[in-house]
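Each structure below is given as structure tokens.
Shared between the two complexes below is chain A, which pairs with chain B and chain C, respectively.
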Partner chain A sequence: MLPRCRLTRLCWLGLRPMSAAAAPEPAPSVFRTSVSDPREHSRSDLGRLYTVDREDHRRLFQVTGLRKSLSAQARTFCELALMVRQPALNVLDSLRASDPSRPSLRFLLYGPYGGGKSTTVAHVLHWAAASGWLLVHFPEADRWGLRFREVTASASDPQAVDHPVDAALWLAHFRAQNAARLAELDLRTGETYTWSRREATEAGSPLTDLVELGVTRGKHASQCVLALLAELKAHASAGRCRLLMAVEKVNAFWCDSTARREDGSTVKFGDMTVIRAAEQLLRPDWSGGAVLTTIAPVRGGPEGSHLPRHQLGADGWRALEPFVPIRVDDMSRAETYTMIDYFLERRWLQAPAAATERGKQELFFRSGGNPGKLAEICSMY
Partner chain B sequence: MDCRYHSAPDWDGSGSQPPPVTMLRSLRCLCRLQPTIGHVRTMSQYPPTFREPTLPPEQTDEAREQLTFSPIKAAPSDLTSSAFDHPAVKKFTNIIMKGGDKNLAQILMAKTFERIKRTQIQRLHATRDAASEGTPDQDEEPVCDPLQVFLKALENSKPRLQLVPIIRGGITYQGRVVRLKQELHRQCEANRAYAHYTYG
Partner chain C sequence: MNFIWMLFPTQIDKFWDIAKKGAVVIMSLGRVRVLEALWRLPATRLSASTVCPTVCRPLSSAGARSGPTSPDPQEQAGQVQQRPAKNTSKAMMAYLERATKHEEFMRKQVHEFEIGKRHLANMMGEDPEHFTQEDVDRAIEYLFPTGIFDKKARPKMRHPTEVFPQQKAAQFDATGRPFHTLFYTLKPNFYMTLYELVEKMNQLDRLQAKNDALGKLPDTTQKLSLLGSEWLDIEELGKMLVETLKEPQYQEFVRAMNRLVEHPLAYHHKDFIFKYRKMLRVSNETDTVPELLFDSAGRPYMEATGYRKRAVARAVVHGRGSGRVTVNGLPLVHYFHRDGGRSGNQDVAQVMYPLQVAGVLDSVDVEATVQYDGPTQRYHGKRRRGHRKRTSFVPEPWKRPHPVQAPSSQAGAVRHAVSLALRSFVDKEMQETMRLAGLLTRDVRERERYKPGKKGSRKGRTWKKR
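Showing the complex of A and B:
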């Protein structure tokens, strides 16, 4: 210990003696939990990583659905591991306790960039798939208006626009996620849909027919999405299936897109057939399911705060209200250390300094516990 | 002017040797004659009383005791206490920098390292999965540390040198010659007859 007079002097200079600055030793982290079934996750698994079953990983996120950075990480590590965190458990607890006969619960995840909102959605999706729910998953809703492949004028509505390629790809994503469950449930269409003079889907045909038609006929894909989601909504309300509607970056729905009509006018997100299809599941007029949304700043939207009222704007707020806001925040020190230990185990952190206490302290300090930032920093070492 | 400042004080225990006595003596003579050029380091913006800045891990209690009331030179902008710092990477970042855009240079370095690591680690896990039974052979593991790959690449890109005896004024010196270059020139000489095929 330093002599008293020197301590006083150092404090006066704004310096802290090294002995006093040493951080308390965090508990040694057992970074993996053996519970790989999301239905059995509980408080005891908090802050630990679980490995998503390889088959589930392939089924749920084969086409798309994970953030680019996370899917790259899963490819590199040859496994997908998600951390069991409080926001996901909160959602799961509410879903377990929810009454299917009551209007669907609506959750809104918000929080800083890179905080783990999409990862939370992935965890809830995995739970829902394991529990036999049908999944309607829109990863990155801003894609439809900002990073789309092609838009064409809709045949049914002169104001609306269709996405021939993106909608077909989305239906492929839907099919990959739900094929097995749809075959078990054997849901049938309640209406007849006429696509052209020769093509029609009769009432009473399986819902998979709608999906197949959309995947193979891009021209009708957007209308297929509209019909499919209307059918699913009716089935869920009638109690024939449970339905999880997950939309990431839902705030994009109330923004302008970069798409233009032939007369040069700007297309709003609300003018897109696929977004109209999704919006009908955001309304509170159905039961037997749940809605899970996230918000994040999008191009052309408001900048600055990530808080719901600012990002959604008046229209979005009105459309989503009432919802359960759930904040997905940066990780705690213990969670960050768990993540670092996981990276070390997967050999992702190669620098010898990363295994030392000082290196871990530095990684926690530089990332501030933000999972995205931590992954970004660790990618170099 | 007091000449003891001409040698760097060994206050930080780095073990830097003071200049030999003869050199000090000659400097002292120099000072007496021309006091204005007394400093060994000319053009320094700091008087010799200023200390070099140090980093937290080197700051022992004694060192801090000495530093508390002494003026300290401004720290260089790239001085860091990071546990992940490496001088070769830092130097290379400065070399690839264009137009003073260091941020871009650092991003490029980071992305390069990430790519190297991603490729190697994917390979590592793939081979492990393929031979999931038994521990993998340590010798056959790919080098995953991007820093080691980088340093090895740097080493490989250096020209090869060899010593050749050169006689100058009756004395044989061991001169350094770039070997590859010499061999290349020898080959070129041998194939000079076919030079006209170059543009044909």
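Showing the complex of A and C:
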């Protein structure tokens, strides 16, 4: 049983407790940092924006992966600029310091809606990719049960549910993120997977075969995901690779979906093959990697507090505990001014008043420092 | 005798020539300058015309220079030429009767009022001798408690002059001779005022000439200050003079008064000027802005309560802050998270408004608690199938952590509370700016009641032609 006290727990997991002191915030006029390699980000870059390299941007987020607003902004500004913030640095510090032989760390990002949780995940993914980790990224976990394209009854388990189209698309996303690294690592399957009487993936075949099969054959895509993640889990535990799984809106895993079986019964998220695949990696029984999760309000989820215990529910709490909770709060005044300076530089904010001290005060007040709200306000006028 | 009908003051020269020849002048009504010219004529030039009764009453030689005086029949009876008694027409009789009746009536009412006041004082156990109108009001309020909203509909006991509209007393005697010199202008009191005004102007001019000769300058310390007052408006002036005035006449009056006021020596006639000015109502609130309080840490703060529709808000504004605003424990932007759509979250902007005007966006902290104390808000708009609202930052209703009842009234109440509290932090000028911005006024607009036969307060049922 893990100790309940957070501090003791961190020590048990092999981490030093982090200090709460933040670096002094930079002058507002210098809002960019030239350090574009996330491996070199440090406290001196706090509160500044860094530009994600074009290649990395394409590789990591081409298919999916960014929030719609952020990817639209990247398209408009011809660059993806992310702010280096304290929560992300905390996660990166922990990941750098983590011991691959110990059980995988689980992080939970929580905070107000629009506060920057997904953006933090994007930053950490970029770091992991640059550091040679493999990425298993579920951008919107609630989509599997709420806005899915198609679900079918699973062949192996009649109660389970497959996603022919969505799983194939997800595998394409996985492939885009990890193709190069997978080729380098040359990981192989540990067992044989039989898809049908004629089709099978032998043990010892490269993992890319599994991926390719899933992308092309939607019928087996969900099972491919299940197999793939099981294999990756084994490889990471064996020390052959470092693996980062990022699940956004993980609290959806313990909700009801809108899918219905033929007999009318509700399909839970836990009945979905792909979700079960992800849940394999949520368990604390593997090492050599980390899990980064986010909670957010989802339809069908509990209303009320945004805090982890309430949103996860009893089942989710039991499944995820122990984890490292990291609060992603609204931006400070300096960070907001940085964002405004960026918008001004990109000619997004056109009114001359936006460049004045008074104008910035008003924008900060109106948005409350919330990045999502600020973007919404700035897009209206 | 020659008669000249004077219509325009530009013809004054012509008028002089002919008047010198001994003509009788029938003056045109309503021109101040003509009056002026008229009174400059030596009295002997004017003779009471037996031909036309519209001629002004001739002046006695004694009172010639001073112009027309207030009518006082007893004084002038001896001086005026005796006129033969005429038969008074029925109309005149009726008028006289009405006027005397009204006078009688008013006298009786005043008498009754005074008696009633004494009775009331005895009833309340107070001294009848020193029973003021305020005491009367309080007594009536006590004896006749009422819940009527309209203050004018509540029972009251006032002096008859306040209750009954003033009428003029008889304007002419039994022979038909009017008492007032300017009776035939049809607005004697008004033209009397104008005449006095001109008289005073002339007097000031003469005084100024005398001062110039002596080398004396006007006294700047006594300069008239019209700040905080304005001219009586047309109705008020009409009420004071007991005459209905027309707009051009009123404009003439205001123009003339302004000319008098501009005179450097106008302070000599301060009483006359201020008789026709009303003081602007000074708001109670600006007089009693509370002093800043200080908490244990030495931080200045102020509390205030604000209202809007059925919402009540209590705001505590702390100085030496950093612009944090919390409402009911939540940050402002998270409490008022109504789907802004095109309005761009009007509720947050409403709360920002007083801080913006006062320029304290980043230097005060606000903690507000607000409560909506009214009926449950229902959706009143038209629901259309397939119509999707523009996506915005705020998650869909099922995702929202708590519904905020009536957000706009709550935001308005918070704004009012913050504005009232901010008064203590800012100087008089800024307080006035805030007042002019409408921040300190309690918005009295309430929801209009539903009426049967309508869908709501105004919207009617579907009209069918047949």
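Please note the rule applied: the second predicted complex is superposed on the first by the 353 of 381 C-alpha atoms of A that agree within 3 Å, B and C clash if a C-alpha of one lies under 4 Å from a C-alpha of the other, contacts with A are read in each partner's own complex, and residues count from 1 in each chain.
Here is the rule we go by: contacts are C-beta pairs under 8 Å (C-beta built on N, C-alpha and C of every residue); 3 or more make two chains touch, one makes a residue touch a chain.
Quantities reported herein were computed from a predicted structural model and do not represent experimental measurements.
By the touch criterion stated above, A:K268 is placed in contact with neither chain B nor chain C.
Touch criterion met: A:F77 reaches chain B, while chain C stays clear of it.
In the superposition on chain A, A:K373 makes contact with chain C only, while chain B stays out of contact range. Judged by the touch definition given at the top, the superposed model places A:G114 against chain C, while chain B stays out of reach.
Residue contacts after overlaying the shared chain place A:E362 against chain B and chain C alike. By the touch criterion stated above, A:R240 is placed in contact with neither chain B nor chain C. Residue contacts after overlaying the shared chain place A:Q350 against chain B, while chain C stays out of touching range. Of the two partner chains, neither chain B nor chain C is touched by A:R283.
Contacts of A:R327 after superposition on the shared chain: neither chain B nor chain C is touched. Shared interface residues of chain A (contacting chain B in one complex, chain C in the other): 358, 362, 380-381. Within the complex formed with chain A, the residues of chain C that make contact are 322-323, 325, 331-334, 340, 342, 344-345, 348-349, 352, 355-356, 359, 361-362, 392-396, 398-402. Interface residues of chain B facing chain A in the complex, by the touch rule stated above, are 56, 59, 61, 64-65, 68, 82-84, 109-110, 113-114, 117-118, 121-122, 124-126, 129, 144-147. Residue ranges of chain A in contact with chain C, taken from their complex: 112-114, 297-301, 303-306, 330, 333, 358, 361-362, 364-368, 370, 372-373, 375-377, 380-381.
Every residue of chain A that touches chain B in the complex is listed here, in rising order: 2, 6, 9-10, 13, 15, 17-18, 72, 75-78, 346-348, 350-351, 353-354, 356, 358-359, 362, 379-381.
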